[in-house]
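By letter and in written order, the chains are A, B, C and D; residue numbering begins at 1 in each of them.
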Amino acid sequence: MAVTQTTVDTAAAMVTEAVPLADWLLVAPVLLTMAGGATAIIFRKKSFVQPWIAIATISLVILSNIGLLNHVLTNGVVTMVMGSWLPPFGIAFTADPLGALLALTASIATLCVAIFAINSIAENERRYGFYPFLLMLLCGVSGSFLTGDVFNLYVWFEVLLISSFGMQILGNEKIQIDGAVKYAVLNLIATTLLLTTTGLLYGLVGTLNMADIAGKIKALDSSGPVLAIAALYFLAFAMKAAAFPVNFWLPASYHTPRLVVAAIFAGLLTKVGVYALLRVMVLLMPEGRDWLASLIGLVAIATMLTGSLGALAQTDIRRLMGYLVIAGIGAMLAGIAVGNEVAISGAIFYAMHSVLIMTALYLLVAFMFQMSGTFSLRDIGGLYIRTPLGAAIGLVLLLAVAGLPPFTGFWAKLLLVAGALEADRGWVAAGVLVSGLLTTIAIGRLWIFAFWRGGNEHTMDGIQALPIAGSSDASEISWSIWLPLLALTALIVLIGVMPEALMSISDNGARTLLDPTEYIRSVFGGIR
Amino acid sequence: MPLFGVEATFWALLGPFVAAALSPILAKTLKHNASWLLAIIPALAFLQFLSFVPGIAAGQTFRASLEWVPTFNVNFSIYLDGLSVVFALLISGIGTLITLYSGGYLKGHQNLGQFLSYLFLFMGAMLGVVLADNIITLFVYWELTSITSFLLIGFDHLRRASRRAAVQALVVTGGGGLALMAGLILAGYQGGSFEMSELLNSGDILRESPYYTAIFVLVILGAFTKSAQFPFHFWLPNAMEAPTPVSAYLHSATMVKAGVYLLMRMQPALGGTELWMTILPIFGGITLLVGTILGIRQTDLKLVLAYTTVASLGLLVMLTGTSDPIAIQGAVIYLFAHSLFKGSLFMVVGTVDHEAGTRDLNRVGGLFSLMPITGVAAVLSALSMAGLPPLIGFVAKEVLYDGTWHAVNGGLWTGFALLGNAMMFALAATVAIKPFFGSKVKTPKAAHEGSILLYAGSITLAVLGLVTGLFIVSVGHQILSPMTSAILGTPFDEELHLFPTYLSPALYLSMATVALGIIIFMYLDKLRLIIAEILRTIGWGPDKGFDQTIEGIVRFAGTLSNTIQTGSMVRYMRATFVVIAFVLYVPMILTGNWPKLEGFGSLYVYEWFIAAIAVIGVYAVVTARYRVTAIVLLGIQGFAVALIFLLFGAPDLSFTQFMVETLSVVILALVMTRLNLKPTDARSSRAKLFDTSLALLCGAGISMLLMSIVQLPFDPTLSEFFTQYSRTIAHGRNIVNVILVDFRGFDTLGEIAVVMVTGLAVLALIRVRPKSEGNSKSENNR
Amino acid sequence: METLFAVLIGILFAGSIYLLLSRKLVRILIGIAILGNAVNLLIFTAGRLTRDVPPIIPENSYFPLEATANPLPQALVLTAIVISFSFLAFFLVLGYRTYQELGTDDLLEMRVAEPKEHSEPPQGY
Amino acid sequence: MNTLIFRTVAPYLSALMMLFSVFVLLRGHNEPGGGFIGGLIAVSAFAIYGIACGVSAVRRAMKYHPMSIAASGLLLAVLSVLPSIFYRQPAMTSQWLEMPFLGTVIDLSTPLFFDIGVYLVVVGAISSIALSLEERAD
């Protein structure tokens, strides 16, 4: 080449000091799932090895996430810049307690679903990608939780979205296709809105790195566009999170795919939206959050009430659970609306709880369906006599979702109510409590109908239920249902009885969100 | 944890939960005899609590604490004073007897193990409620009692009435619990501590806090629902659907007294205000009268007892509410006495039901000779309930009359008490006399004395009522006065006497009660008919109201959900875009930050031209009548966009846009021309007008937002960096490509993941064939 | 000059939203295609426009000789184009399969997942 | 379209286009081009070949299932992120290896492999879509 070599000061552009190996844990979930997904596609005709590729990959991801969480808790917020480019120029992956905790929880839920799918996904559907979809979904979810770049966040959202499309239509039945159209179109509008807003944000601040944005947005004197962008982000993520009144897609679609798929959707998808709301509204645009607080509060209450009332109105158990997801989203939004440390930590705890409980509840639905052969609250019944253990699991999970002690949901609600009262927003606390009461009624009805009642709704008093056609005995239920269901229930009870570890992580996460200094310092190191 | 001392109390708290775990195993092997073994656990707990009595009588209090959730100041702390220790003694003591009784009552029942398990869980929760010092811990236990009582009440779950009662109890007490949670947290924040023992010392701060009313309302909502105060009283009688051991336990000393406990506990912190001294006695008094009147109406012995429980709870709340020391002393003694006689009477009724096969007042009689021990228990307990000497019930009545007589608004409260007690007297007489004396009535089963498991509990409690009455002086010193002191928050020790030492108004009131009671007893059957007639005329009560409320909520929920979730995609889309328009405009309107319409001047003609082509392309697509035209026209605006990219220095983009646009049009044409579609838009002109305005509104909003942003100065730091290092470090001259594969390579990684998954998803869409329709319902969702 | 393109982008958005609001799936698909273009153009414009000069460094230099177009939005748009193209492809096939399975492209007639007749929720205990 | 001339020319045309696509891919780092555009050109090549000679011929020509090609492309991209781990550098830090080859110096680098990964994914996934759509048409 004709040009003479110039000397370049590499240190001005790149990270030059050695990076501890532990920092690679930040990207491990994304890379592992991608590699696993690609491998599963290559082996897609060997359908019997598929589950094991997925289970092995997800187990590694769980281990890596445990390591990451530990890393974050001992060393504070961790950042790694891709390609060594100094922030804010390259893409930074940044894990704070919030991101690391949710990434870990998400991978646990995914593992449970992967196990459940072993015996519940047909050969043909395995061949056309169930496990690759699952892995890529986890990839997108992990990427969303760990990235520190808003455009990159959009990309991971798309990864998880397209994977969820794939899972949604798997099976191609009429009802699935119909559900998929609604799900896909409405979600596409949400991500397009997200992309639009990100483009506008870039035009406004000229940067994409979250820590950089958090610093720069404060310096802007023009409040109008900032508030507009905050409002648009709120809307885009609220659509993702299924907040009222932009949550039509959820009840329209969650009862249509395979139950495994519904389980992972209910566990992960909406929570990514909540996570993004926490990240963007609290960390990046606190002024925007303050400005929108009352509106968010109203949205939260409307979401909680329509969610819990919706749960009361359903006959189909799957749709009922879908509405419970919505009610939970409202509770998390309430935490964002209140916005003090206690409430934000409540929202984080709730998100973690919601991932576990909603996955577990759809597994419970699968269990109940196997036992009774129906999804209808009118036809179901008599399960207590046939499976006391199942009834106990059901009761625990349903109480947990209603927020009664001593299970996970209680602590989340407690923090939310306490936060709202501390911040003098009694009406938000009232919303949380009323929705809790309505949920209690809904789950109480569900449990007595499905378990305590002797048979379907026409069963006479006191008469032993006759086995319902198509139902099986508890002993015939496959281990691939029992194992994840028991594991999740055990986790929910364990965290419920000993919540301290997770409470302190949530609290830590809330503090990191509310005071971004540590986050910014982690990204920019000693540069600023 | 040590085995002796205050910390050992944690073992006593843990004990019932261990027993709950053991019950199913033991019941499987030992059958009903398991209850002998299991009863040891609450008995040991009882002894542990008993060991605190001397210290507490000497004025001490005990506290122990373990960390639970330090992040949120939640401790596993216990507080033992006169109040909590008496409750703990009653819960564990009566709990021991109930454990034995359950073994006898459910002998041979296949689910005895489960039953005992629930019972112990409940016992553990109840002990926690009264011992917990931390208000959050207290609340956890509080809700646990709601949940476990749900399981106990619905134990006979194949009957609809049981399920209904269980849900009712869960919803009413659980719902009240939620209010309590808010109240306790508020109190905690106002009082500056989550520990009850510290909160009790900041009563003045709480009473003067602006949140006092809110705290008060929330706390009494919790207490009133739990303790079945009017108008929440209805769940308690319905809970009689539970097996009798449950009723005997829940409704004598435990569950329903939790609310009373809470009010007594909070008395130093919240009591003494005008609000407290008005609302509590009024609701208590009304509950007392409603309970007794409805009790007279019943013929089912168990329901009679249930309604008198409601009445007794009302009496206790009324007495506590007066905040008068003597009245509270009266409440304490009455509470103690009530736990003994009501526990005993429920067991008696259960035994009668068990042995005679019925508990209908009109179908039993003359059982005394057949069941002498049970009979003695019944008579003793009924005497105590009626408030006759020498039983402890008599002392209670004397003191409480003394208290109400001297309290603020005392006349009214005394009136309530007199009426209520008289009716209670009559009902006590009914319960003791009707089944055991008079002529023998043929019962469904040939009655005879049951096993020792069945009568041990009732006779013990009945005799205790007598003994404590006889030794009231020392019982007062050791147990009752310390409890009163704890409630008042100040030392209180007034000598108690079995027989009044002077002629006081209380004695006259007592005599009046007996006289009135006898009259009511004589006319009981007539009264019953009259009350039944009145109730029939009213035809509505809170119990029915509960059903109507639930039904109404469910129906409303159904209508609401169907209104929101119509199932019409068109509506979903419209609603979504209306919200988007709202979000676009509101910030602009509120901040007044509108963009300036300027900056067209510097444009070349060909740029105007291309923009015009794009607009025409879009307009043509929108108005195209036929699909094929629309698809072809779609290409026009796409290529115009590609041209714009090219003109503004983005060749990579431009090429890609050309390729992608071509491919999109080709695929669109390939796919869509195969479908046999009608060309029409199928929208009414009104809908079109709405959609057009909405679309234009959104478009203009985005336009304006973008304008206001691009009119601000831009920060090009990022791109300058990329330009500077693209070749020097990253070895690439095409900066865009270097960004894609190096600077921001992770975006590209995600992007190709999307592409790959799309390929697979399309394959899945095309290749997987749905199963035939017939079995799709059951097949979908294996 | 950004102002003109802001207006153009608004028009593209309006057109695509009008199509998205329609009852026919095919029109919605076309709307999605236009929506993608609108957003891409928006990102491109938000990064400010520069005429002619592509961000490519001449062979005999280590830095561009004159001010070039902003390369970052181009990279972002490139990523976004690819993603929106993938989604469009999926949607097209989904639309096709919808018509095959449900026999209609009218959204008001797609009532499999949420049937028209609402059943009353069960009452009682 | 389906004329004899087209059928005869198509294979050669496709081969040329394939070559061109590789050229576009490789020069992407310095001139307009890169993995994505290169991939799209390759897909067009397959499409033309497919229209001329049928879907099964394309499948034979591709040898591996297009989804497998896409998946290996993604694997390659992921692998090219990893080497920096051995140098204690952050993920995706580019590594350069200058190899003398036939008198010139070829830069072998992880970004190059990454771009090849992109190319393979695009070729695999998009042609899989195109092929499956064309198959339905038959």
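The definition used in the following text is that contacts are C-beta pairs under 8 Å (C-beta built on N, C-alpha and C of every residue); 3 or more make two chains touch, one makes a residue touch a chain.
For clarity, every value in this text was computed on a predicted model and none was experimentally measured.
**Q** Where centres are the averaged C-alpha coordinates, which chain has the largest centre distance to subunit B?
**A** D
**Q** If I average the Cα coordinates per chain and compare with the overall Cα mean, which chain comes out closest?
**A** A
**Q** I want to compare two interfaces, A-B and C-D. Which one has more contacting C-beta pairs?
**A** A-B
**Q** Could you tell me the distance, in whole angstrom, between the mean C-alpha positions of subunit A and subunit B?
**A** A distance of 26 Å separates the two centres.
**Q** Quick one: report the Å distance separating subunit A from subunit C, using the average Cα coordinate of each chain.
**A** About 25 Å, centre to centre.
**Q** Which whole number of Å gives the spacing of the CA centres of subunit A and subunit D?
**A** Distance between chain centres: 36 Å.
**Q** Among the residues of subunit A, which are close enough to touch at least two other chains?
**A** Subunit A, residues with two or more chain partners: 6, 14, 34, 37-38, 41, 82-83, 151, 155, 158, 162, 165, 169, 172-175, 181-182, 185, 189, 196, 200, 203-204, 251-252, 312-314, 445, 448.
**Q** Touching at least two other chains at once: which residues of subunit B meet that condition?
**A** Answer for subunit B, listing residues that touch two or more other chains: 160, 163, 167, 554, 557-558, 562, 565, 567, 569, 573, 651-652, 656, 660, 663, 667, 671, 674, 702, 706, 709-710, 714, 716, 718, 722, 724, 728, 733-734, 740, 742-749, 751, 753-756, 758, 760-763, 765-767, 770.
**Q** Mind pulling the subunit D residues that touch 2 or more other chains?
**A** Each of 30-32, 36, 67, 70-71, 74, 78, 81, 92, 94, 125-126, 129, 133 in subunit D touches at least two other chains.
**Q** Could you please specify the touching residues of subunit D with respect to subunit B in the complex?
**A** Those in contact with subunit B are residues 28-37, 40-41, 43-44, 66-67, 70-71, 73-74, 77-78, 81, 92, 94, 96, 107, 109, 111, 114-115, 117-118, 121-122, 124-126, 128-130, 132-133, 135-137.
**Q** Would you mind writing out the residues of subunit C in touch with subunit B in their complex?
**A** Against subunit B, the touching part of subunit C is residues 1-24, 26-27, 29-30, 33-34, 37, 40-42, 44-59, 61-64, 68-72, 74-79, 81-83, 85-90, 92-97, 99, 101, 105-108, 110-111, 113-116, 118, 120-121, 123-125.
**Q** For a test of understanding, state which residues of subunit B touch subunit D in their complex under the given definition.
**A** Residue positions touching the partner: 651-652, 655-656, 659-660, 663, 667, 670-671, 674, 730-734, 737-738, 740-742, 745-746, 748-749, 752-753, 755-756, 758-760, 762-763, 766-767.
**Q** Subunit D touches which residues of subunit A in the complex?
**A** Spelled out, the residues of subunit A in touch with subunit D are 14-15, 18-19, 21, 23-24, 27, 31, 34-35, 37-39, 41-42, 44, 80-84.
**Q** What part of subunit A is in contact with subunit C in the complex they form?
**A** The contact residues of subunit A facing subunit C are 1-3, 6, 151, 155, 158, 162, 165, 169, 172-175, 177-182, 184-185, 188-189, 192, 195-196, 198-200, 202-204, 251-253, 255-256, 312-315, 377-378, 445, 448-449, 457.
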